Every structure is written in C-alpha cells, then in structure tokens.
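Following this message is one structure expressed as structure tokens.
Here the chain labels run A, B, C, D, E and F in written order, and each chain numbers its own residues starting at 1.
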Amino acid sequence: MGKKFDMLALGEVLLRLSPEGNERLAQGTRFEKQLGGAELNVAVGAANLGLTTGIISKIPSHAIGNYAKREIRRNGVDTDYLAGDDSADSRLGIYYYEYGADPRKPQVVYDRKYSSVNKLSLEDFPEEMYENTRCFHTSGITLGLGGPVRENAIEMMKKFKEKGARISFDVNFRGNLWTGDEARDCITKILPIVDIFFCSESTANLTFGKTGDIKEILKSFSDEYDIAVVAATQRIVHSPKSHTFGSVIYEKKTDSYYEEKPYEKIEVVDRIGSGDAYISGFLYGLLKENGNCQDALEYGNAASAMKNTVSGDMLWTDPQEIQQTIEMHHSIGQDFEMKR
Amino acid sequence: MGKKFDMLALGEVLLRLSPEGNERLAQGTRFEKQLGGAELNVAVGAANLGLTTGIISKIPSHAIGNYAKREIRRNGVDTDYLAGDDSADSRLGIYYYEYGADPRKPQVVYDRKYSSVNKLSLEDFPEEMYENTRCFHTSGITLGLGGPVRENAIEMMKKFKEKGARISFDVNFRGNLWTGDEARDCITKILPIVDIFFCSESTANLTFGKTGDIKEILKSFSDEYDIAVVAATQRIVHSPKSHTFGSVIYEKKTDSYYEEKPYEKIEVVDRIGSGDAYISGFLYGLLKENGNCQDALEYGNAASAMKNTVSGDMLWTDPQEIQQTIEMHHSIGQDFEMKR
Amino acid sequence: MGKKFDMLALGEVLLRLSPEGNERLAQGTRFEKQLGGAELNVAVGAANLGLTTGIISKIPSHAIGNYAKREIRRNGVDTDYLAGDDSADSRLGIYYYEYGADPRKPQVVYDRKYSSVNKLSLEDFPEEMYENTRCFHTSGITLGLGGPVRENAIEMMKKFKEKGARISFDVNFRGNLWTGDEARDCITKILPIVDIFFCSESTANLTFGKTGDIKEILKSFSDEYDIAVVAATQRIVHSPKSHTFGSVIYEKKTDSYYEEKPYEKIEVVDRIGSGDAYISGFLYGLLKENGNCQDALEYGNAASAMKNTVSGDMLWTDPQEIQQTIEMHHSIGQDFEMKR
Amino acid sequence: MGKKFDMLALGEVLLRLSPEGNERLAQGTRFEKQLGGAELNVAVGAANLGLTTGIISKIPSHAIGNYAKREIRRNGVDTDYLAGDDSADSRLGIYYYEYGADPRKPQVVYDRKYSSVNKLSLEDFPEEMYENTRCFHTSGITLGLGGPVRENAIEMMKKFKEKGARISFDVNFRGNLWTGDEARDCITKILPIVDIFFCSESTANLTFGKTGDIKEILKSFSDEYDIAVVAATQRIVHSPKSHTFGSVIYEKKTDSYYEEKPYEKIEVVDRIGSGDAYISGFLYGLLKENGNCQDALEYGNAASAMKNTVSGDMLWTDPQEIQQTIEMHHSIGQDFEMKR
Amino acid sequence: MGKKFDMLALGEVLLRLSPEGNERLAQGTRFEKQLGGAELNVAVGAANLGLTTGIISKIPSHAIGNYAKREIRRNGVDTDYLAGDDSADSRLGIYYYEYGADPRKPQVVYDRKYSSVNKLSLEDFPEEMYENTRCFHTSGITLGLGGPVRENAIEMMKKFKEKGARISFDVNFRGNLWTGDEARDCITKILPIVDIFFCSESTANLTFGKTGDIKEILKSFSDEYDIAVVAATQRIVHSPKSHTFGSVIYEKKTDSYYEEKPYEKIEVVDRIGSGDAYISGFLYGLLKENGNCQDALEYGNAASAMKNTVSGDMLWTDPQEIQQTIEMHHSIGQDFEMKR
Amino acid sequence: MGKKFDMLALGEVLLRLSPEGNERLAQGTRFEKQLGGAELNVAVGAANLGLTTGIISKIPSHAIGNYAKREIRRNGVDTDYLAGDDSADSRLGIYYYEYGADPRKPQVVYDRKYSSVNKLSLEDFPEEMYENTRCFHTSGITLGLGGPVRENAIEMMKKFKEKGARISFDVNFRGNLWTGDEARDCITKILPIVDIFFCSESTANLTFGKTGDIKEILKSFSDEYDIAVVAATQRIVHSPKSHTFGSVIYEKKTDSYYEEKPYEKIEVVDRIGSGDAYISGFLYGLLKENGNCQDALEYGNAASAMKNTVSGDMLWTDPQEIQQTIEMHHSIGQDFEMKR
C-alpha cells in the first residue's frame, strides 16, 4: 500500500505501576511494572493485528527510558520516531493503577507532569516522517497535556494531513488534564481536518452539548465537521470485574450505521486500554487490505473485549485469535471450550 | 472530645498465614504473612476512618512480636498498651486461612493455644488507661480464650465502665473456643454493663435461644439488659467469592430501627475481618463528631462491604473512599466507573 | 481386598508450564511448574481419596524426571512401576497451559512428541505387576500416542484382564493426537475387554456415530460390547471461570441409570484434570469397601467439582472434604459458610 | 539386607518459616514454607543417597499436618510410622529462620512447645516396627523435648537395640531446650546402648567436660561407653555465607581414625541441616553395601558440604552428584566447570 | 529528658523502586517498593535503637503518600509534622536503584524534581515544634534541593537552635543536586550554628578544599566553625557486595579523637542508607542516657555495618542486636555462629 | 557503512528454564522463563552495543514461538530472517539451567532435539539476505546439530562469503552434541573461509591437537587456514560465583598479539552467555567505526565481565556502561562507588 507505515501515533509513553493481584496501592512490597499510554496502546494493538505502526514521542535516555523503548519494540511498534531526552530532569510519566472489586472502584493516581514528552518539538523528527504513513492517530489526552505538546500535536496533524495521511482522533476526555470547556474549544478547532473520530456518548453530551440518541450524535459530528467516519463505544460496567461492550459507527459516504450485538459479561482482568484496543481493531478493520466499516466494527469490538481479559494496558493477541473470537461471537450453538 | 483515645480494644493479636492466590494449605512453597485478630481489626478499621484507637494485648518480645507491633503501628493503632512477653515460651498465636471457591469452602486451621495473650494480667497496664478512652471494645473471642484472659477482660470492662467509657461488645461466637452454653452463661453476665451490642441472628437463635424476627430479637436484648444500641449484621453467602451484606440496628432511646438496602453481589477478595470492619464503621458513625445510629448504619455497611474487597484481615481505606462508597450506594443512575 | 494396589494407571507424565495468574503465554518472566497427565491425575485423585494406586510410565532419569518422581510420591502414588530413561535424548513431555477469561479461550500448546514414554516397553515391568492390582486404568490419550505405546497399552490391558483386574477406560479424545476415525477403529477393538467405560456425549456422537439421548447411548455401548458400567460426564461451560458439572451412569447388571442434580456455577480456578478427577471419584466410589454405582456417581461428581477449584491438574483433597461436599450438595437450607 | 528399612529416625517434624531472600523476620509479606527437623533431615538425606528410611513421629491430622506428610513422602521417606494427632489442640511445631550476612548473625525463633510430637506414645506404633530396621537414629533434641517424649525415646532405643538394630545418636545440644547438666545426665545414661555417636568438640568440652584434642575425646567416649564409632564434625564459620567443613571419625574395632582435607570456602546458601546431612552421608557410607568408616567419612563430608549449598533443611541430591563431588574433592587439577 | 522528641529530622521522603534480586532496571516485570530519604533513614534508625524521633516533611495526600505515611509509622517515627499536599500536582519523589555486582556498578536514577517537599513552608508546622526536640538533624541533600526548601531549612535550623536543640548536619554531597561550589558557599554559612557535623574525607578535600590527614581536617572544621563534634566515615569498597567500614570522631571539648578497628568484609546486601544508619547509631550513642562520643563511635559503626546487611534504605534492628554486634566486634575468639 | 546489517547470526533459539534463586531443578514451583542460544546471544549483545544485527533461525508459529520473537525484538535484534514453523510438531528447544554454589556445580539439562530449527532450509530466506550484511556469525553448536542444519549452515557461510561478508566462527564445542573427532573434521573444512575465529585453549588442545602456548596456537590456526583474526578467551573458575576473565587475540596482517590484565574476581550472577558476550564486544570493537583489534580486545573482555553480572543469557547493557567499565578497568586509584 505504498507507504512505510500503516499508522503512526503521537502520545505520551507512561510507566504503569500496579500493586500485585488484589492489593491496594498503599499495601504490599512490590509493584507490577508495565508500560502504557493511550496512543501507544493503539499502535501496539494495531501492530499485533498486522498493521505496521510506529510511535511518535519523547522519552528519557536513561535506564527507565530504555525499559520503555525495549517494551515498545517487543510489541512490534517501530521506535524510529521515539526521541530521546538527555537532560538531567528527563522523566518518564507514571500512573499508579489499583484494580477494583465491587463496591470498591478501580483507582488511578497520576504522576505525569513535567515528563519528557512535554519537551517534544517538531525539530526532533525528520520531515520525511510526514510522508511515511497512511494514517496518523492521536487523542485528546495529548492535547490535554497543553503547552508546546498541544501546539506541536496540532501542527503535526496538519502536516500529516497535507501529506495525505488520514487523521484519526479519539476524544478520550480526562477531567484531570483539562476542563470540558477547554477540551471543546480546542477539539472543535481541529475537527475539520479529522477523518476518523471517536467520541463516547457521555462526552458528546457533557462536553460537546450534543443531544439526541447516539446515532443522531454521530451523524451530527459528521455533518458539522465533514468527518468521514464517527464511532462511539458503549460500555456497561456491571462491576469492576464484569463489563459489556459494544459500539456504533456512522459512515458518511454511505450514510449508514454499523452495529452488532455487544460482548456480554466479559470477565474483566484489566480494563485499562480496552478503549484503545477498540481503536486498534477499528483501524485494522479499516486499513487492512479490503478494509471497511463492517470489519472496523467487528475487529474493534472483538479487540476491546479481548483486551479486557489481558493483563496490562496492551492488547497481546494475534490476528487468528481475534478472527476466531469474531467467529465465535457470531456463531450460534457451535462454541467449543478450548482446542486440544 | 476530651480523652486521648476514642476507642481501645482488647483482644488477641494473631499471625495469619495463607497460601498464595488460589492454592490450598497443603500446596505451594510460600505463605502470605499478615496480621489479624477480631478486636485489632476493629481498632485498625476505626483508625483508618479517623478515630484515635489503641490495642490492649500481650505479644512476644522477639522478632515475630516485633513484626506484629510494626504492622499495628503502620495501621495507625497506638501500641502504648501492647505488653511484651519476654519469657522463653512466648508465642504469637497463628491461624492458617485458605480461600474458598464454590463448592470448596474457605478453611481455617487454628494454632492459637498457649499464646502470649494468655499471660496478660491487669498489672501489665497503668491505671490511667481506664480514663483515657471514650469507648472500650472487646468480643466473645476474648472471653472464649478462657482462664485469666476471660477474668481480666471482665474486670477491665468494669473498670472502663466506671471511668465513663462506653462498652462495646461483639458476640463473635466461635465454636472451636467454647460451647454455646458456656458462651451464653458468660455473656449474659456481662451484658448489663454493655452499651453497644453486636449479635448475629443465628447466634441469637442458637446460643441465646431468641425467637422471632431480627427486630424483635434486637429489641429483646435491649429491653432485657438495658442496652443502648443493639445491631445485627445480615450476610448472604452466594459463594465464597460473592456475598450480599446489610444490617439492622435498634436504638433504645428513640425505640427505633435503622436499615438500608444491602450491598449486593460484593466481589469478595477476602471475607475475613468484614464483620469486624462493620463494627469499625459502626463505631466511627457513632463516635465521630455528631455521630448517630444512621451514620453507624451507613458507615458500618459500607466499611464491611469495602473490607470484603481488600486482601488481609484489615480495612485499608480512608474516610473519603467510604464516604464516596456510601454516596454511590444511595445514588440512582449516577454511578461512574473510576475517576481519571 | 487381597491385592497390593486398588488401581494402577498407565499413561504419560507431563510437565505443565503455565504463566502466572492471568498472564498470557507470551507475557511475563515465570512459568508455574506443575505435573500432569490424564491417567496420573486419575491415580492421584484416587490416592487422595483413599485408594492405593500406582503409575505405570517411563520418565527421564535426569533432574526433571526426578522432579516428576518426587511430585508423584508427594501425591501418594506408588512409583514402583515408573521406569527410568537413561538415554541422552530422554525427555519429559511438556504442555503449556494458559487460563482463559471470557471471551478469551483457555489455550493449550503441546510439546510432547519424542518423550520418554514412547520408549516404554513391556520388559520395563515385572510380570508380577499384572497380579498386583484390582483395577487397571488407561485412556485414549495413551492409545493416541501411537507406535509402540499403543501396542504395549493394549497388550497390558489384556494381561491385566487375564489376571483378574477390572479394566477401566476413558475415551478422552484429543484431536491433536489422532483423527476420530483412527480413534474409533482402535477403541472399538479393545472395548470388548473393558469393564468400566467413560465417554462424553459429543465424542459418542462425532467419533462413534452414536445417536439418541445420552441414556440410550450409554446403554448401547454396554449392550454392544458387554461393558459392566458406562458413564458420561456433562459439562456446561458458562465461561472459562464458571462451569456446571454433572454425569449419568448406566449399570448393566441392574439395567439402571444413576443421576443427581449437577454442581452449578462452579467457581473455576483450574479446569484441567476435572474430567480425570471425576474418574478418581468414580473409581473410589466403586472400588472402596461396599462401593457401588450410586457412590461412584456422588464421589465422581463431587471430586470433579472440587478439582475445578484447585490449582494444577491434580485433585488435592481428602476423603472428609469430599464427604462434606456431597452432604452439602444434598442438604437443603443447612449450608454453612466455613467452620471456625 | 534382610530388613524392610535401612534406617528409622525418631524426632519432631517442624514447619520452617523464613522470610524471602535477604529480608528480616519483621520485614516483608511472605514466608518461605519448608519442612525440617533434625532427625527427619537425616532420614531424607539418607533416602536421597539410596537408603530405605522412615520417620517415627506424630503430626496433626489437619491440613498443615497433611502438608508435612506430603513433603516427607516427596523426599522418599516412608510415613508408615508417622502417627496422626486428631485432637483439637494438635499443632505442628514451628521455627522461624532468618538468614545472616556478616556481621549480622542468622537468627532462629522457636515456637515448638505443645506440639503434637509431645503426645507421641509407644501405643502409636506396632511392635513389628522394632524388627523392621537395621539402624535406629535419634538425637539430643528429641531427648531435650523432655516429658513423655524423652521417656518414649529411651524406651524405643532399648527396644530397637533388643531387636538387633544399630543405635545412632547425635548429641545436637540445644541450649534453648535444656541445660548442659540435664543433657549430660540424660545422655550418659543412654550412651551404653549407642553404637554410633556424634558429638561436636565444643559440646564434648562444655557439656561432657572432656579435655584434650578431638581424637582423644572421640576415643575416650568409645572407651568409656563401649561405642563402636564416634564422630565429630569440624566447622569453621568465616561468615554466614562462607564455611569450611570437615570431620574426624574414630572406629573402635580397628582403633583407627579417619580424616581428609576439609571442604573449604563453601558458598553457603542455607546452613540449616548441614550437620544432619553429615549424618545422612555418614550412615549411607556405613550402611550401604560394603560400607565402612572411610566411606562414612567421605560421604558425610560431601553430603554436608553439598547441603550447605541447597535451600531448605534437607539434602536434595542424588548418589551420582555426591559421588562426583567426592571425586572432584580428591582430584588434583582436573576440575571442570560444568557438563554441557 | 524533658522534651517530647529526642530528634526531629527534616528531609524529603522518597519512593524507592528497585528491580528484584539481580535484575537490571530495564529487565523484569516487578519493582520492589520501598521508602527512603537520607534524613528519614536517620530518624528510622535512631527510632529502632530507642530514641523518640519524628520526620518533618511534606508528602502527597493521595494513596502513594498514604503508603509513605504508613511505612514511616511502621518504623516507629512520628508523623505529627508530616504535612500533606492536597494539590493536583502533588507527587512523591522517586529514585530507581539497581544493585551492582563487580565490575558492574550500582546505579541510581533520580526522578525527584517537582515533588511535594518543594512546597513545604514554615506555615505547615506549629511554633511549638521548635521547642519539642533535643536535637534537629538535616543534610546537604535538603539544602541541595534549592529554592524555598533550602531557605526554610536554614530558617528551621535557626529556630531549633534558638529553642535549645542541638543541630546535627550531614554534608551528604550529591553531585546531581548542586555543584561543589554552591554546596560549599551554602554550607559554610550554616556551619556556625551546627553542633554535630558529618563530612567524608573526599568531600572535605574536593568541596571544602581541606588538606592534611582526616584528623587534621576534622579538627580544622571544629576550630574554624566552633563545632562541638565532627565525624567522618571511612568506607572501603572492595566490590558492590563487599565493603569495609569505620569512622573517626573529633570532640572539641576534650580535644580528643575516637577510633576503633573497622568492620571488615561486610557482606553487603544493600548499601543504601548505611551512611544514614551511621548517623542513627552515632546520635543514639550521644543522645541516650549517659551518651558520649565513645558510644557514638561504637553504635555508629555497628549500625552502619548492620544496615549494609539489611534490604532497603532503613536500619531494621533493635538495641539488643546492635549491642551484641558491638560485643562480638570487640571480643576475641569468643564468637558464636547463632543462638538456638 | 553501506549494508543494512552489521552482523547476521545463524543459530538455534532456545527457551531457558531455571529454578528461582538458589533452588534446584527438582525443587520449587516456578521456573524463570528466559531466552537464549549462543548465536542469538552474540547478536543481542552486539545490538545493545550499537551494531545493527539480525538472527537467522526457525521457530514455532505458536504462542511460545511468539514469546521468543517478542523477546528477540525487545533486545533490538531484527527478525526479518526468523522463519516460522507452522507444523503440528513445531517446538522451541529447551534447556534447563540450575545455578551452582561451591562445591555444587551448575547443571544443564538439554531438551533441544527435534526442534523447529532442524527444519530450517535455504528456501526459508530470500537471496538478498546474503548481500545485506557486513559480517556473518555462527558457531560449532549450529554445526553440531547435524543433519540439514549443518549442511545449510555451511552453504550459508559460503554464500555470505561470496557476497563479501566477513565470516565469524566460534568453535563452542559441546560434548553432548558431537564428538571431538566429528567436530574437528567438520570445522577444519570450513576454516579456510573463516575470517574471525574463536577457540578456547583446551578445545585447541583436545579437539584440534594443538600444542604449545596459547599464542603459538592462535598463530598456527591463522597460518594454517589463512585466518585474519584468531582469539581465545581465558577463564579461571574460582567457584560458581567467582570467575576471572581475560583473552588473547592474534591479528595476521600485523602479526601481533593483543592482551590486557584480566577482570579479576567477577561477582558472577549468571555465567551463561558470557562467552557469547565476549564475541559481541569483540565484533563491536572490530566492526564499529574505526574498529580494530585493540578495541575488540577491550570491548570483548568488558562485555564478557559485564555479562557475568547480568541475569539471563543476554548482555543487557549500553555502550556508555561498557565504555565506563573499560575506563575503570584501566584507571589507577580513581574508581568511584556509584554516581548519584
């Protein structure tokens, strides 16, 4: 398909620290050491499904940055555009994550300020980067970091758009990064160059003031900002260990909606990154050979359901497993317990 | 509120040894090392919620006793009245606990005989101790240890009562410590000085011969022994990993009952200490500034539900989390998955 | 009852490697190291329940074989007929097992070819072995290994039969070892000497071409091959973490069926070996003093339900626990949470 | 060689709890769970080297006792004479062990009082036990437990002696069990029936008032009490992680001494049980086919050196490895790093 | 001795993250989670030896801050003057520590900028704090943090001095916090109010331009700035796992030096905090009843040697153990391996 | 330098399973899961130092193969020429490794027969592979696997040579794969096309019948087979935890030798792969910009010494660390303990 990468994602790489098993953050003597970051998660999931992807970011040059780089490589994501921060105050942002159990909520403690990604500049990357990919993805988290990161992200979006890449954007609203008003003002400015837009129903309501049912909302985004594809995920949280997941997609060119029955009573091992995995599956369904919105729907839903059962932020899977999951989801009475 | 402690609890401190994860006691190569004991659990939970509490007990002076002392301190419970046993046969009582999974029951193996607490004497503690607290708590487990511990516990109750402390007592019947008849004979003798009484419905039936519904039972205890507040927890065990929990309280001075909908389908991580956590929350609701039975009910239920989701005997939480849990429990349709 | 062993089982001993907790095979830095093998599992479970059992197999003489031998002994199974392979290419077969979480299936990767059991020969065992047991058990897995193992297994069956042992056989069809046609051709040849036969409904349908309901199928096997007892387990897989388990037995001499209500919503910790545990319980129920098909049913079902809650392939339990489980299963409204 | 067992050992079985790695007893959240006991260690080591051995003791019938029984079996030691204690206050004695690092000493905390072994009585064992072994071993630890255990141990010694077993006895003086005077008075009474006697030089000096060099001491014991073989181990503790180990043996019938160069700068992983392993090797060297004092010396020293490098109380090894270790110890300039 | 605290220490509380065992920072899947900070380490060590100590600092109010607070309490250090940071960007400073093995050096990666301690202000603490202690301790690390922390630290020193506390100061030069010139200019300004001064020989040379032997240097500091006691530690690093440690003290009032033979070939488990442990022991020796410089020397050296053998930053010990270590260090030929 | 790769290595990829810490293979419940293989180790070490490297091999397509592929990528080695084996009997070879402690030897148990690498064929790789690298490396282990692997390896060597790559070969004699005679016959045939040759002194003596000192031996290989550079490592094994390491190099074009003082008393964490790391450092020193034999010597020795201190087969390091190690090795009296 002509370009070196199917997708490049811009976003912060984070160290994730979780207590073991069912312990609380203030208990115990060990942390599980994992890597995350919304856009990185999307790139990893898509790479595991078969796309050629890379991450655009900036991380410390020291041993902890080295850990991050190795983990990214392990997951098959290219690090050519992963800039190094050699300064004395370089740091990898951290988030602490505690698993929940009903009625105890999962808990996130962020320690991501002043991290190396905030020093990222356009000069860190060669000009040919913009010509090298079929799709560029980033999210509202990157914009929410504010300052030069926000400006550079918007500038990058424009440059990728100019060079012919499709622009994918996930609102991913985080109340701890910015207010709803700030988010709306910023995002509505970049929406006209977005081709693929992800926004949850509640964010559409609360942040963008959208009303009506989810289908009306999706179409209204598409109409208002001329967006080719708009998608919303639908998650029902029965408890921290049991979710139901589905999604709706609107495609402008055919003026049609895509839906299927949700994955019910998912046995949630780790819900972090399951929204990102949806985008991984979605973009794979769209960008693979003969990709289309129906495939985006099916791969997106299956990838997200699968991610919920995998420890860590990232979708560890392979195309066969997702394909099989889709088939089982659609089959009637032909399920099997396991192959052996 | 004038005194150094809001609550002092008397009881045995136990080392708890559990196999890791889902292993059985006879499997594996490691034990999880934790600290427990019914009354200590109450003091810890109340301390985490904001009361100033201390433990009255006796532990070995050697390294294992040192472990216990450090754990108690870590949980914010005062150790001024934690006597040390320097003798050659000092020992910390132990219980082995194995988690269950339906249809396999959880399993407890006790090894608590001859432990240092049995050498506790009134001389181990200064007289001013009795003036230093607003509330004294102990349970039927302490009485069930028998011998001098039982006598000293009863003597302490009287001395605390004299000095103006409210006396809190949890029946906590353990068939492995004494018979129902022994328990009834002993407990009915001390009930006249009890101010706050906790007794489960089944124990009321089987041990105290009470009949009628739970409300009648609660009132009958209050009437018969002139007890200010009587409470009963109600636990439905769907399986070792799924419980429903609620309670009923009777308050003598207003002749009224307090109830709310139970916490349903709690995702049980560790059920041990959840009854003790109820008492922690209850006493916090009653003893905090402007405390009352309604708060006792709400904090008690929430604390117990929360404890079931926390590994170990003890309630690791903070007042904000319990407050938020209560709000979610009472809210309609406004739940959130997690804050981030 | 006159002979040294109640039961001897022939089959491959396998090293099982699983990632920790909810990790995937390709994740993490450690494997749980366990021992398994269908027939060994049967021998272990039966030994834990009270039968005197032994394993007939061949394992390497090196340190990994030594690990296996020690684990077998720990579980109370005799190793007198466990031959050692001193050759340079001796190896213990391996299987990798990954736990599932809905919608992710559990996963098995086999690496069992060329293992030492394939070199097993009749010369490895003394002639008196055949006189030493009341029952001989093996399964379709052993026949499916093919080559000399299959021939030797059939030869052993005949020799044990001659010496008066009852022959127990579990179809245990594994599509990765042989085709359904191969299995049917081979198994139907040995069925005439089988006394106790285990076959699932789906295998009866697909492999043996049986039609009708499960009772008709069981009876048809018994009629056709003159088999004293035929049993089928019935498992409903709600999800990888929730199963329902029951069974049906047909006894020829009384022309009667044995059934009871299934164990519902078992909290599955590890489903591997739960079919083998059924046979352990079944054979214990049949072979113990005053054993009969009703006991076989009850012990079989309880043993399998219990096994699902225990980590590893093997049934770690004791007779009291299984007895108590059966009583609880049959009791109405008298359940208890745990004893303490 | 005619009898069922080469050796039966009488002694307490202990649960050993150690913190992980270099942690202190009061640190951390896990204990390593192991099994120990001086005489059991001797039986295990000897079994691993090739003798047929069994343990005579009494342990609880509950899950922790079950753990012990399984571990003993795993190590190849017979449990026919392992009595079960069904009483409510049955308990397995415990010792907590913390590894040292210079200048920090290793630390032992005992919690072994009131354990089930103290209820052991002669009625727990069949009369034929006394005829079933070529050698009976016990130690001063068993005598030091006092009470009925001491009396029964002495009675057993006499009965085994009558039935023709050689009596092996290790002083193993423990200052926390009895005083030197008590030990001397008790032990000198049983020495006349002892055939193989182990006593360290310092204990010979301090407890038995022996003077002179170690060879004179050994001979004086032999002369005074008519003991066939007397041995003393010699350990130099450079630091908790570095020991040098050797021994001297005196044989009465040849009036000769056996010595060899010590194992120097052993890299100590776990020194517990290394004295017991010496006795394992010693007895193997003496009791194996064509055994003699020279073999006792070489196997004893190698077994002890090897044990120091193995985690836990017990000697996990095999005859080939010990044989190879002896050869390397005696070889000059022909060492190899490892075989591959 | 009249005041509530023997010692209060001002300094940053740090989360320490280390890979397990011998892993590198970029390897593995877990971090050991520990707490550290030079001045906190001093307070903990002194508390474990018997002084009443507290920490002056500021930490986040969230779960990670809660972890820190609990760990501090566990170690017996008072948290009355531990201010909470409720702001959205509160953070606990972190350092990553990798153990070394010759020729690989241990490695430290700091991530401590922008942490909550930098927001500490004098208003966070009540005025009576300054009257409540016999000794105030801080170090060059606190001054090196710069900005308001440095100013507040100097102001606190003055206020404690005014209220009669002895001022203890450890240079603890860290090249990653400030340059030698900055350090010298700042420290020489506060030296006139310092009573107890710790400075290594190399820092005296390089940073303060001192020449001559260590005794001359110590005396010159004392003379120049009128300091009552000046001490220097002497560490020889044979390898990351083997150190030799000793110290020299100069006391002004007697114009005398204190020295003893060093602890040789310490088996280093974790060298971090061993310098702080020296100060713990030193201050205990000086501030305890009848304390003096000779005791300061002996307790300081023993505490540091001991700390090197303990995992984590902090000295987990008790007075008896240190006392025994000192005795063994001074004894000739009377060492013992362990007590049991 | 014109080509895509600096080095491509051909060899088997192995799963390595080791017990935790100091446990023996037959003990414990977990295996450490790591990846190894002599030639892969060389490629990884060289990649960590800065060369662009890839591995030529064949691994299973299933989850265990996926694990291997991810680990290789994590270490920065290209997987373009890592063929996948989709067959039902695909397997990743395994070796079990147990650490030693004097006098216990480290132990290796191989289970590598029938692995997927044995199915490797020239058709698995594109012709352009041979033009894409500056250097090709393989070892006697690959030749020792025999059969088609040996033939293909020799054919590949020739094709790489034709295309201008330098041929690097390490004898790496393994007695468990082939005899010395087989090895000599095979290797002497390929030596004429080898440019860089690694052979230990003992192998030169025993296998190739070389006599004289190591310098004479190196030169004789170079003269006889026209080899540009010949190197021999020199390891002194003081104990499993303490080695001394150095090497000698002969360069034909200058007829000169390269030597330096060895790294003494290395604190060995894991000696496996330290020989391979020598080659990594050697090839980096030779192939980097302005590389030469002096750099090969210094990087080779430092890389090997460093590897001994790192857990696992592979050299986890970075160029700065090795550079610093070399500087410290050559410095006199200017060492530092760590930077902070």
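Brief remarks on what is shown
Please note the rule applied: a residue touches a chain if its C-beta (ideal position, glycine included) is under 8 Å from a C-beta of that chain, and two chains touch if they have at least 3 such contacts.
The shown structure was predicted, so the numbers you read here are calculated from the model rather than taken from an experiment.
When chain centres are set by their Cα atoms, the one at the greatest distance from chain B is F.
Set against the Cα centre of chain C, the chain with the most distant centre is E.
Inter-chain centre distance (chain A to chain F, centres taken as mean C-alpha positions): 40 Å. Taking the mean of the C-alpha atoms as each chain's centre, chain B and chain F sit 62 Å apart.
Put simply, the C-alpha centre of chain E and that of chain F have 45 angstrom between them. Shared contact sites, meaning residues of chain F that touch two or more other chains, fall at 21, 24, 26-29, 66, 70, 107, 176. The touch graph of the protein chains shown is complete. Those residues of chain D that touch chain B in the shared complex are 17, 20, 24-34, 62-64, 66-67, 70, 88-89, 91-92, 94, 96, 98, 107, 109, 111, 113-114, 176. Contact residues of chain F toward chain A in the complex are 66, 70-71, 73-76, 318.
On chain D, the positions that touch chain A within their shared complex are 28-29.
Per the touch definition, chain A reaches chain C in the complex via residues 21, 263, 265-270, 302, 305-306, 309-312, 316, 321, 324-325, 328-329, 335-340.
On the chain F side of its complex with chain D, the touching residues are 21-24, 26-27, 100-108, 110, 174-176, 235, 237, 239-241.
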